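Down below are the structures I want you to see.
Two complexes, one shared chain (chain A), two partners (chain B, chain C).
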Partner chain A sequence: MNKLVNLTIDGRKLQGEEGQTVLEVARDNGIDIPTLCYHEEIEPYGACRLCLVEVTKNNRSRLVTSCLYPIEEGLVVKTATERVISNRKMLMELLLARCQGVKVIEDMARKLGVDKPSFKPEYWEKNECILCGLCTRACAEVVGTSAISLVNRGVNREVAAPFLETAEDCIGCGSCVYICPTKCIKMEENGDTRTIVNWKATFKMQKCQKCGKNFAPVKQLEYFRKKLNLPEGFFDVCPDCR
Partner chain B sequence: MAAKPKPKEKAPTGRVNSPKQLEALRAAIVARKNPKKPCIALCVGTGCLAYGCVDILQAFKNEITKQKLENSVDVRGTGCPGFCERGALLTIYPQGVFYQRVRIEDVPEIVNETIVKGRVISRLLYQDPNTKQHYEKEADVPFYSRQMRLLLDANSKIDPTSIEDYIGIGGYSALAKVLFQIKPEQVIDKVKKSGLRGRGGGGFPTGNKWQSTRDAEGDIKYVICNCDEGDPGAFMDRSLMEGNPHSVLEGMIIGAYAIGSHEGYVYIRHEYPMAVENVMMAIKQAESKGLLGTNILGSGFHFKLKVSRGGGAFVCGESTALMASLEGKVGEPRAKYVHTSEKGLYNRPSNLNNVETWANIPHIMLKGADWFSGIGTMTSKGTKIFSLVGKVNNTGLIEVPMGMKLRDIVFGIGGGIRDGKKFKAVQTGGPSGGFIPESHLDIAVDFDELTRVGSMMGSGAMIVTDENTCMVDMAKYFVNFLQEESCGKCLPCREGLKRMIQILTDITDGKGRDEDIELLERLAATLKDASLCALGQTAANPVLTTIRYFRDEYEAHIKEHRCPAGVCKPLITYSIINEKCPGCGKCVEPCPTKAITFVAKKQPVILDQEKCIKCGTCYDICNLKAVAIK
Partner chain C sequence: MESFAVFVPRLVPQKDYLAPGHRACIGCGEALALRLVMKALGRNVIVSNATGCMEIISSPFPTTSWRVPWIHTLFENAAAVASGIEAAQKIMNEKGSRTNMAKVVAMGGDGATLDIGIQALSGAWERGHDMLYVCFDNEAYMNTGIQRSSGTPFGAATTTSPAGKVSIGQSTWKKNMPSIAVAHDIPYVATACPSYPFDLMEKVNKAVATKGPSYLHVLSPCPTGWRHGGDLSVKMGRLAVETGVFPLYEVVNGKYKLTVDFPKLRPVTDYLTPQGRFRHLPKDEVERIQKGVIREYEKLKKKVEA
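Let's look at the complex of A and B:
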């Protein structure tokens, strides 16, 4: 086990392991910090900035993103100071102005006490994607395929397959669909095909030779079979029937 | 007892293997030079390329050959002396006669008159636009006389492509001294004691940064030079890199020795072809002389340096984005809670400094920490190079001691505002710098004072504006630049700047709402507090300072739908002042939409508001000021 580190979060004296982040220790202890671009299984990224907290060290306090900030001995953290809250509210206003009609965002905004953005309504947008980069990171880090990525700079940023064509490296596993916080990546299954609509990629499904269910894309099964060095024909039956 | 004469070291032709050999080489170079021999030194920096300086240089060489003067006159292309707007720039040594706005047609006359007969051509001398006085010597020109050119001075004295020229003026002697007489820790102590702070923007104490990188765990450490310089209109780093690349290399080798690094990179934007070429050449030359690479100067220390060309995005100048880009990844910043001095390039301890920071090092090593800290203010030591542009009479690259009054820069060196107009504000620090008004012109320019008044040192860009500038429009212009350069990774910068532009555009279109100023301030606070990197964190400065110092202009736009400076098109109308217009009709033809009708001589012309697109052509053309902007 790593060295133990003492810190205070919202007045509670807590311990964490060296190398943990403030967010991890907070969550382990049931302290709620809002996040949108964070997931336990994936390297933190620091894009949504909602997880801001105020830390004080040597009598100097500053705002940091808790998903990235490593804990330190004697650190004092406050997760809901006035400064933290007013920034979170503005971030929510910015999100609402970008994502009109996206339920996750609207719910979160309401929880943080924001009901509508202060910007002129004529500028509100109806994007579903918040550019949190969870899908692209899941694809790269968990699946290891990097079939999609964040392209373009600044306001033109978007998630896309290389060269905005169909995602050739996509294996149809659906990890991105599952992880997307706003559920904006659409997947359709139709008989023996699966389509990930956003990446314009369609896959033939493998039929289980026992129960007859179309259980996963052939391409995905081949990918894992090769990666894990399994014998040919290993995925002819679905996990349930094996 | 008479001292025995020491055996003389012979000047080496190839590698230089000891400090003694370096001194011998220098002595030989200096001996070859005849200080009385006339030399025509012409700037061939990027700024002067537009004036055809390469052809002018060739014309001088041809003329000298034609007149059979090759053996009695030298012709040399040099780095940039800074007064680019007056290019092509020429200095004739040993007298130091300074000619500006030299054109290729002037070449024979300069050779015949000044070189052969020793006569000064007054037409080519600098004339002060205010006093009409002519100046013969560069050092006397007001643009130069108030400067302190520690770093830039050598630019006009050496050929940047010649390592001999650099060695001739004392180059690499700081390195020799450091490698053989000073321990790495002591080098760092010296840099700390000098008070040198990074010139790349943040003003971080250089010695402390070196110390952390030295102390960080790891066998492999990197030393990196930041020559990304993405600020529009800034060219201090380019000019040092083009004009005196060896001074930067020497600083880096010293830094590497102090930090314990054996591998380094020069990250340089690819839009700087001449700087790339000159630094690559300098690296080759230094390697062949044994001043870079293995066993430097016979000391056993080795350091390898590579050049990497950046793609040119502004954000790539940010340290973590730069390192990602060096690794071949997308140039996007990451959080720096673990410092790059511990985990930087390839996750190894890395020390990044700006071009100008590196160039200061050899001077500090040679002349000492006390000498350096004797220049400047309490918290900011040494000199700083600025690019002074905008509505001043003299624009260009300037170097001044820290602590010079802003007023002395704008009105002394800059020669005041063009065309007798009134000063309005000066923006310092690049696109995310703040605007400083007349009431703060007497601040001493250093890191902390600029921050105190809401701006920053940044890279050292200075843009002067006059009474005809609309401050809301200016803020909009820079926020727009930053919005385009935002990498888009983090929410406040990407979405916040987009909203900021919408609000500012509304205000300049006369569609602003009463609550918009407060909303801008709230947005600015979140940009500052919540953005991931310093691009977003500083992006609101132009807006915050214009609100702070020119709130009345915002209010005029919002409440009265009026642009006081007469800039914002939707808010202004052009009209003919009938009493002043004699009907000369000079404005009729140039109007692109034919909105002006000639009536008769001695009767005012008529301007049709329906057709007017507010281009301002008539206003500019009318000498009698009979066109009004409201």
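Let's look at the complex of A and C:
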């Protein structure tokens, strides 16, 4: 166990382990901080900025993203000051204007007390992606293929495969489909093929030689086999029949 | 969901809110189901747990497996306690003394849900509390020594429905609890099984996100009571789904939807033979079970198509 650090969150005296972030300590102690781009198994990134909190140190206070801010001895954190709430509401309005009709965003907005964005309706968009980067981070950190990335700058920023073409390195594991908070990455399965629509990648599925079920893309199994130095034909039968 | 392999499991949070080292039997499917449910629920939850296997194994005095606020209730009032917690939270929120609204979850075994606790549960559903009720169905009163409950399937031998010269074991069919839940017109009802872990976790997430009462019926293989090998628990769950004995489906606002649909069901003998509780069954009774399973499945399919 690491060294324990004392801090105060919303007036409660709490302890956390050295190296934990403010968000982790708050969530462990039942203090709710809204997030969209945070996932426990992936390195924090600070893209959605909804986890803003006010941190006071040496009589100076500032707004920081709690998912990235490591705890320090004697830190005083407030999660619901007027400044935090007004900032969060503004962020939510921007997200809501970008993502009209996305349920996760609408639910979160309602929870934070935002009914509709205060911008003119002509600026509202029906984009589904919030550019949280969870899919690209999962692809790089967990899968290790980095088949997709965030491309372009500013308003043109989007998640895409290299050169906006078919994702050559994609192995069709579906991690991006699973992790996407707004569920905007679509995967289709049709007989013995699997298509991840957003990356325009189609995969042939491996058929189990015992039960005849199409259980995983051939490319993905080949990737495992090479990575783990397994003999050829190791994945001819599905995990259920093995 | 089940088509995701290897990498997606790595994206499931590692943190467990049901600590290991509890006293469940070897190969317990129910403890596995409970662990997955707790993983999906996360930290911000208050659990009201009826007496049953999961209460006995997780809290032998003075230790506990629970890393979340947890209340042990009697057999009959898990749902009543949970509705009280929900109402108290609501009033505290209105008065401003509590801003963090925890999810309220009640849990019980099949005995606590189908038999003893059904009155309180029905009341909670009727009042429309915003809570989730999870039933871990292992098809008998397992922790007291395998007595039959109304969740015990036709033909199963238990200590109070023994098989012998004059009896073939349980002589009645399993009570259809999800249908009873649907009849209460609650917004979310689903059946799940720990053999389909992602599906189970997704259904828990959906259920707690629903405003109003929701019900989750989880079939949990029990090696001790079903009398099969401890290594077969996950397989038994899969077989139950694949043979159509326990179809996986969800009912959102009265609309039925099958989670996994098979073009052809496996013969029910695949599911019955590994289990010692069905060992005594003569051929004609197996036939009868097969017919019953198909009849129920067809009924369900009609509801899905409607």
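FYI, the second predicted complex is superposed on the first by the 242 of 242 C-alpha atoms of A that agree within 3 Å, B and C clash if a C-alpha of one lies under 4 Å from a C-alpha of the other, contacts with A are read in each partner's own complex, and residues count from 1 in each chain.
The rule is short, and it goes like this: contacts are C-beta pairs under 8 Å (C-beta built on N, C-alpha and C of every residue); 3 or more make two chains touch, one makes a residue touch a chain.
What you see is a predicted model, and the numbers here were worked out from it, not measured in a lab.
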Fit or clash - chain C, chain B, common chain A: fit
Touched partner set for A:I179, first chain B, second chain C, both or neither: second
Chain B versus chain C as contact partner of A:L63, first or second or both or neither: first
Contacts of A:E188 with chain B and chain C, given as first, second, both or neither: neither
Inter-centroid angle chain B-chain A-chain C after superposition on A [Cα, multiple of 10°]: 170
Partner chain in contact with A:G46 - chain B first, chain C second, else both or neither: first
Between chain B and chain C, more extensive residue contact with chain A: B
Closest approach of chain C to chain B (Cα atoms, Å): 23
Touching both chain B and chain C, residues of chain A: none
Chain A residues touching chain B - in the complex, by the definition given at the top: 45-49, 52, 63-65, 68-70, 83, 86-87, 90-91, 94-95, 97-98, 118-120, 123, 130-131, 133, 150, 152-157
Chain C residues touching chain A - in the complex, by the definition given at the top: 3-8, 10-15, 43-44, 99-100, 102, 198, 209, 238
In the complex with chain C, residue positions of chain A that touch it: 27-28, 30-32, 39-42, 80, 107, 138, 142-143, 173-175, 177-179, 189, 194, 215-216, 220, 224, 239-240
Residue ranges of chain B in contact with chain A within the complex: 313, 334-335, 337-338, 483-492, 494-499, 502-503, 506, 513, 515, 519, 522-523, 525-526, 529-532
